[in-house]
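Both complexes below contain chain A, partnered by chain B and then by chain C.
And now, the complex of A and B:
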């Protein structure tokens, strides 16, 4: 078995080759990917426009952001002077691919102009967890050597097994590379994932699900009590593309804006409800939360309900709208009517 | 004033005396985050932190703050002022950068014709007992923005962590008066003072980021429409984590919460940030900052151009929180260096 370090290097090398080819042959105007972060355990999303700059693209286990965010809607710098979308190549781990496909299902993006550069993701390291474990000890430098994360501080050097310190979501992820679709223009590092084999078992939230309703509520209350309402979760979510979020409605004001616990909970639960059948399990919300809140637990739980009731998994098929976007005569409705 | 010594063993006693008169705030760990809270037990405090997650500005400028409450009776409206304005507070363990931010915020809240009495009263009623920063983080750059890890001028009382004890020095008149309550503090020995001085030099040397803020301020004056703003804002997602973790950001929104059943309500101010879409959105629907390009530019200009022109100060204390917590690693240090590059590039074109 090749090590995580080696795999990262291989992927990174392939990313350089593919991006170089796409730009040199003028198949795309720009490539969105990750560049090296300026602080430990972060990466920095970047747009590359010239094949000379492709070496800035990196791949490692800190590439936590779902880059599909930058295409729904297209950011201003990815449009031409007339406001038309440029042709974009996008470095896509499994959840980025899923997000793009799902956004297409919701008519938010046109996959015609997008080239998915699929890569087989090997999981994202849980930065919040590590920072919490180290507390006041500052981590100055990190590196990935074989299958370990090496952390250096002023007076310590520690090695952590990467597999153990991945996001729970990533540990149990079933969609490591973008789903394979004949309709897509895609180039790939390694194999794309055959959607017929994807069966999400929600093992990442099994501990949360094993709690009683009361315990789950207490857990959510406890989690959310430290929220500062910076909306990083919403702004990083590729599915949060509303021009005006419900919580920002002012005329009339629908929701409270303070950090009273009830108002925080209302924001998060209503947002999660809006993501029902739409969350692609990228975990970006939890990765970016400055307070280290595991926000994905709520949306993942909802996805599990959707899977059970509607046998639907988001981000696999650009032709099928999500369950909450349609009505079927045989939808289960025992919560309204007693079934025989 | 001569320096005193506070043994760490005496911290409880120190707390007990202050707690009789003041609400005592200090840094504690809460779900893995260092936050300033009202202290019930001095042993809960985590004083060797390098930078709290949320700056202590929220002790005097909370995220939600009642400005007044009202009640309507037939033909009369009763207004009630907030009760906590005159609350006497001590913030213990504040770092020099955060103490400096109190001064910067004060400059804003007392600027112009209308003073913000709520903020100013709260600030006036708050005593800062700070600790020098022995271990600045690698993202710290206070020395580039006029600060120093051992800057004591914004404190009332300044401590230096000497291992098992603190050296204690009163800085302001308030601090001097307060220290009179602690006649039992022993005098610092020359060796303690020497140690404090060594720590000061050591801390200063840890800070490796050096930014040329003077040039940045100059360049910003003439480059409101420079294409660099597209580049700087390109990967910004428009969240408020930089602003909400910033010790100097002070923008707020005002909302009314009505209680229709009781004919009463309250007016609350809540933190706001120029990174949000609704910030300065006008009733007509016009938004002077329609995209993240203008919003990112505003954040930089406010701190490094408007603050210098309005108050002769830099609106950033170099704590590095925004650097550490920006979801997309849009590093302020990198942004400021890019702005400096504008001039260098243009010079090279002319040359």
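And now, the complex of A and C:
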């Protein structure tokens, strides 16, 4: 078994090689990737336009942002001096690839000008959990050595096993690299994954659902009570591309502006209904939450619902229309009220 | 004295019913003109089609203090707009799954198909809905208008 540190170095090297090759051979005009963050435990998105700058691209276990957001609809596109759209290469871990493919399935983006540079993601560290547990003192420096994350502050040093401190979603992730599809073979380079063998038992969801209604409600209340409704989760989400979100609508103003608990839960419930069959489980929403709320339970449930009801997993095929875009005459309707 | 009699009266749920114009609203009308008896717990909102119902309407009704929400449309295949109710059915399925997951009692929200000729079925189902909502009691958890 190679350690996480070695794996990161391998991935970083392959990113440099691929980006350098694509830019040098003029297959793309720009590469979107991750660069070093300005504070510990963060990474920063970067656009590279010249092969001389590829060394700025990095890979480590803090590259939490879903880069597909930069190609989502209504986000200003990358243009050259004459105003022509650039051909973009994008460093894609599994969820970035899935998000791009799902956006294509919704006819929101054109994959033709995009090159997906696949990398085998090895999980993202749960930053908010670390801050919650060790954030009493300021963490000034972090480094990844072998399989451990080393946190350094003014008067303390801590070693943590990375495997245990990964995002809950990353622990259960089945699509580590972008899916390999024959229809997309021309635009995908790098590491890809065969998706025909993916199986998920959703043990965590069945465990949560075995609780009583009151226990579940108490858990959700406890989870969301600290939400300040800053909508960072919406802003970072590659699937939240509506020009006017339902919470911002003013005429009529459907939605209250308070941080009353029912309104918080209403917001998360409605957002969940909007993301059913579309969420690609990248965990970006949890990683940007300023209050450290981990939304993985809702994300997983959304995946479970569409798998269970419509046998669909989002972001694996640009040809299949998403389940909420279509219907069948014989959909299950066991929940409908009937006379005995 | 009036207050006293109010307290003694048994609690009755308040249910908001979204009925589609073409089938269920006519079905409710038929139940009325046939003089069928059903509990006076529902307040009807007429909508053009069950596909018009945004899941947000249902959740917003609950936070506004209704004890139960009922949505009724044409039977599958009978929709005036051909497929509105089939689109709606998928939305209702995920909504019911989600509210159950969040810990809201699944009996707060009901969906049914009633055609324009089924006045009797309408009356029976309203009785059933009222009974179910009455059993789980007033909506105190997911309610923004409580005192």
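Here, the second predicted complex is superposed on the first by the 310 of 340 C-alpha atoms of A that agree within 3 Å, B and C clash if a C-alpha of one lies under 4 Å from a C-alpha of the other, contacts with A are read in each partner's own complex, and residues count from 1 in each chain.
Simple rule for what comes next: contacts are C-beta pairs under 8 Å (C-beta built on N, C-alpha and C of every residue); 3 or more make two chains touch, one makes a residue touch a chain.
The structure presented is a predicted model; accordingly, all values stated were derived computationally and were not measured.
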item: Touching partner for A:273 - first (chain B), second (chain C), both, neither; value: second
item: Touched partner set for A:256, first chain B, second chain C, both or neither; value: both
item: Which of chain B and chain C A:164 touches, first, second, both or neither; value: neither
item: Contacts of A:201 with chain B and chain C, given as first, second, both or neither; value: neither
item: First, second, both or neither for A:248, with chain B first and chain C second; value: first
item: First (chain B), second (chain C), both or neither touched by A:17; value: neither
item: Set of chain A residues, in rising order, touched by both chain B and chain C; value: 256, 260
item: Residue ranges of chain C touching chain A (in the complex, touch as defined); value: 55-56, 59-60, 63, 76-77, 83, 86-87, 89-106, 110-113, 121, 124-125, 128-129, 141-144
item: Chain A to chain C touching residues, read off their complex; value: 208-209, 213-220, 246, 254, 256, 260, 262-263, 265-266, 269-270, 272-273, 276-277, 301, 305-306, 309-310, 323-324, 327-329, 331-333, 335-339
item: Interface residues, chain B side, partner chain A - complex; value: 29-34, 46, 48-50, 53-54, 63-64, 135, 137-139, 230-231, 234-235, 237-241, 243-245, 253, 255, 257, 268, 270, 276-278, 291-293, 323-325, 327-331, 333-334
item: Parts of chain A lying in touch with chain B, wherever the complex brings them together; value: 37-39, 42-47, 65, 69-70, 75-77, 128, 131-132, 135-136, 138, 140, 154, 226, 228-232, 234-236, 244, 248, 250, 253, 256-260, 287-288, 290-292
